[in-house]
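Order of writing sets the chain letters: A, B and C. Residues in each chain are counted from 1.
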Amino acid sequence: MSHASPARRALAALLRHRLAMFGLVVVVLFVAAALLAPWISPADPLATSWSAIRRAPSAAHWFGTDENGRDVLSRVLWGARASLMAGVIAVGGALLIGVPIGLVAGLAGGWLDALISRVADAMLAVPFLILAIALAAFLGPALENAMLAIAISASPVFVRLARGMALEANTTDYAEAARAMGNPPWRTALVHILPNIAPPLLVQATLSIAEAIIAEASLSFLGLGQQPPAPSWGSMLNSAQRFIENAPWLAIFPGMAIFTLVLALNLLGDGLRDALDPRSARR
Amino acid sequence: MFRRIALALLLTASAASAQNLRIGLREDPDIMDPTLARTFVGRIVFAAVCDKLFDINARLEIVPQLATGHHWDDPKTLRITLRPGVKFHDGEAMDAEAVRYSLNRHLTMQGSFRRGEINTMESVEVVDPLTVLIRLREPSAAFLAQLTDRAGMIVSPRAAEAAGRNFGLRPICAGPYRLTERVAQGRIVVDRFAEYWNAASTTIPRITYQVISDSTVRLANLQSGALEMVQSIDPDDVAAVRRNTRLRINITDELGYQSITLNVSNGPRAQTPMGQDARVRAAFELALDRQVINQVVYEGMYSPTAQPVPPTNPLHVPGFQPEARNVERARALLREAGVRTPLAVEMTVPNSPDLRQAAEVMQAMLREAGFELRINTMEFASSLQAATRGEFETYLLGWSGRVDPDGNTWTFMHSRGPSNDGRYANPEVDRLLDTARLEQDPARRRDLYAQIYAIALRQDRSRIYLWHRKNIVAHSTRVTGFTAVADGLIRVQGLRLQ
Amino acid sequence: MISWFLRRMGQILPTLLILSFGIFALQQLMPGDPALILAGEERGDPAVLAQIRAELMLDRPLLEQYGHWLWRLLHGDFGFSWRIRVPVGELLLDKLPVTTQLASMSFVIGVAIGVPAGVISAVAKDKPLDWLMNAVALFGISMPNFWLGIMMILLFSVQLGWLPPSGYVPLWEDPWQSLATTIMPAFVLGTGVASVLMRHTRAAMLGALEQDYIRTARAKGVVERSVIARHALRNALIPVVTLGTIEFGRLLAGAVLTEQIFSIPGFGKLVVDAVFNRDYPVVQGVVLATALIFVALSLVADILYMLINPRLRAA
């Protein structure tokens, strides 16, 4: 065994990757902003002020005020909560559902594998936003339902990933030997497959979170996600459309927030893929 | 060479569009059947497709259209003379029989929303091919005015019989244009009817009504020339339109109002503290500051109100004004009613940006009084249907208004009123409404309405009237001949497109 | 080939069956009673309600209802819109040309920008041009397309007045106007496609350029450009073609937000409007239609992949 484990080598590679590091820093900043929002917000994001409608950015309101006199900076900070919750919780849920199911499919094989694969195919056949919209139609518009829709739509990817890894790992000599020795398949799974699955899962999770954030923003933009007056970048963009000529800051800041966070996640995901996946020899 | 072809193509494109007047609507009309229709934007299209017995002019006087005159033989008998030579779109001639058929259809058809408007009508008789006699159950000051709207629209009996409930898909009326194409939530296209009785007044071959619910997009289309006219502009866009030298703007006080309908007894959704206890509803109303909402959302252009009849109407009750906002009293009322705050209440809001913002402003105000307002956005025509079914707690609804106050009250407040979505029923109010309908003396009539408001609004809190809006019609300078009438409709007779 | 096709169908048909059941089952989540809604003004009449319930088979067991629903579906009956009483299938067919036009234009823009960019980027690997292209592609993927759409309307319609801000004119009605109304949304969607295609083309090209036979060709002294053109490019295009087909499938349905902003009456706008109309049959219809199209296109992608990939063809 070399003194540097694969994990440590990967970590070193990641740290050297400047763009990925930049992405990581930005993501951490957003997470911190979301967690600390109650303390670092200059104002209550729901506090209306009828005399300070649509004020341009100034010392008092760094990002200006919206059409109901609420401080845009505070709403952007709090909006990070909705976005990150949708991203992390939804994708986390997708992981928790998708990975075990995928492992079962890969290890069990036979008709169970076929059934699970077909269900995953069925879910992937519906374009994600349409599926989310349909669920919102039947369940009602709410952030929780949006997160549920996102989680459901994101899980097939993890099912496929886990299944693929399970199939591959099952055929290694080590695994065969373990089986020959009488180890039950689930033990093989836990001991041999899971450690190897972590890198590609991490990469996919990061990219899925980026997609989930855009998805939450899209649903809120349509009025199907986070309901007013709770702040969400997507719904802020929707309200901003009316005032695009007179108060462009209403559209610029939430849009920049989405863009920056998603970009950072994509950079991080790319970096992780380069560092962790030996097969993608891109650099 | 290429440039010449491109130029020629562009010119033909613009020449084709020069023949076509494009009007932007803020909502999609519901069914295009005058008996079953409820939307205001539907009335705008009907103004081109279905002529009525009478119309109103800019001075709000009743003038002839399909009828040439009327005469009250006695207070319960109305004699109407009809215009000769009028043809329906299918070529059939309009005669007294057609009028009799149409009026009966409005009165008796299953699901008719006109019933509440003309239910004092007992029978229609054909005297001769150009004269009808309408017999009323009781004398009514308001009846004639109802014939200036959809209740007075005459449809082709043959087409209506053949189509039944599907008449709205291809309405056959006697208007200057006939409906040729409809794309749901897209557009309605009407083409000029050459045999219209007043064909000289219409020169534009085709009108396309485009449904654009987003006010910014509607305005942008007008500014870029993609539309020649827009039925409704938001107050905060007025300044931009005024600055544009290629656009003209017309602002009139409307005949109607914006209100909140409260579900007090329509189905299970009424079984809430809000639906059952007038104190809770009073608290709700006292939490609202109409002037602030008007200022924030509408640049102060609208007029806060507590009654359905605007100040421009002589039967407006001057003493009945909105109560000032009183959060303390609202909280006290909620305590008295024994409800646990915050009390969750749902408001159905038609999906237009200004109404959504108004709802959000109300949400903030209501929170201070102990209400947690949940906003349920729905497309307008669907919200009307849902309200009829009782699937709402509170409903932010506007009404385009009628010349006669009966048109703004009876169908909404009377227990048998078809548009009474909240199913409010108070026998005293019913009696007063029926009496007011018949009362000829304006001062006594006004007094009757004052009593109605005192009971239905202050005591029973069955509805909350918010403000009277302005009709803001904007059009390109290419459009001439437009006369603005307080009902907000776009009358196509006399319109010219340069 | 035939056996492969049969195997593929053996996968697709169960998938479609499961999909259809899932979409059918959505109805159970719905609040309210469909019979009441469809009865309209006659809902006070128990006889009418009973009749509607019998027609819709609401009292039968779930599987039986599903069976009948599926049977009607296979005959092309997608149900009726609750809002305007027209068959859902008619609505879908109405919107299909619009969505197809938009998707095609976006796809063309995406390919025209993305593929050459990917090729250039791969050839200029690690040089500044590569970095720049990668950055732009990354920006393209991260940009929320509704924001891009709003910004474009602000610039091109409001400020410059060059293009109409919304609305749609069909191609056969007026080609120039049609182009004017669809160019902005097509561009918005196309940039997303371009970014994805660019990254994949680049990766595929790099992979192809490092193949042994390329090195052999270089060693033999064959001119660089012909090496790229004849060998690398052809192989690199394989995954691009298959990916592109799938992207096109996604475009057909995924244009929801863009259609909303630009008021283009396609599938995306149809389903969003249906949500606000509480028009559940239309929602179900759109989900089904887009899934069917997507599955069909995936099959096409698989077939194309089989046809162009020389190695697979030999097998």
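Note that a residue touches a chain if its C-beta (ideal position, glycine included) is under 8 Å from a C-beta of that chain, and two chains touch if they have at least 3 such contacts.
No experiment lies behind these values; they were computed from the predicted model shown.
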| item | value |
| --- | --- |
| Most central chain, judged by mean C-alpha position against the global CA mean | C |
| Greatest separation from chain C - chain, by CA centre | B |
| More contacts between chains, B-C or A-B | B-C |
| Gap in Å, rounded to a whole number, between the CA centres of chain C and chain A | 22 |
| Chain A and chain B, separation of their C-alpha mean positions in angstrom | 46 |
| For chain B paired with chain C, centre-to-centre distance based on mean C-alpha positions, whole Å | 40 |
| Sites on chain B at which at least two other chains make contact | 214, 351, 377 |
| Two or more partner chains touched - positions in chain C | 153, 158, 276, 278 |
| Multi-partner residues of chain A (at least 2 other chains) | 223, 241, 244-245 |
| Sites on chain B touched by chain C in the complex | 9-10, 13, 16-17, 110-111, 166, 183-186, 210, 212, 214, 217, 220-221, 223-226, 351, 377-379, 381-382, 385-386, 388-389, 391 |
| Contacting residues of chain C [partner chain B, same complex] | 32, 36-37, 40-43, 81, 83-86, 91, 94, 153, 157-158, 161, 163-167, 174-177, 263, 265, 269, 273, 276-279 |
| In the complex with chain A, residue positions of chain C that touch it | 11, 14-16, 18-19, 22-23, 26-27, 29-31, 126, 138-139, 141-144, 146-147, 150-151, 153-154, 158, 203, 206, 249-250, 253-254, 256-257, 260-261, 268, 271-272, 274-276, 278, 280, 283-284, 286-287, 290-291, 294-295, 298 |
| Of chain A, residues touching chain C in the complex | 114, 117-119, 121-123, 125-131, 133-140, 210, 214, 217-218, 221-224, 237, 240-241, 244-245, 248, 251, 255, 258-259, 262-263, 266-267, 270, 280, 282-283 |
| Interface residues, chain A side, partner chain B - complex | 46, 48, 50, 53, 67-69, 141, 223, 227-229, 239, 241-246 |
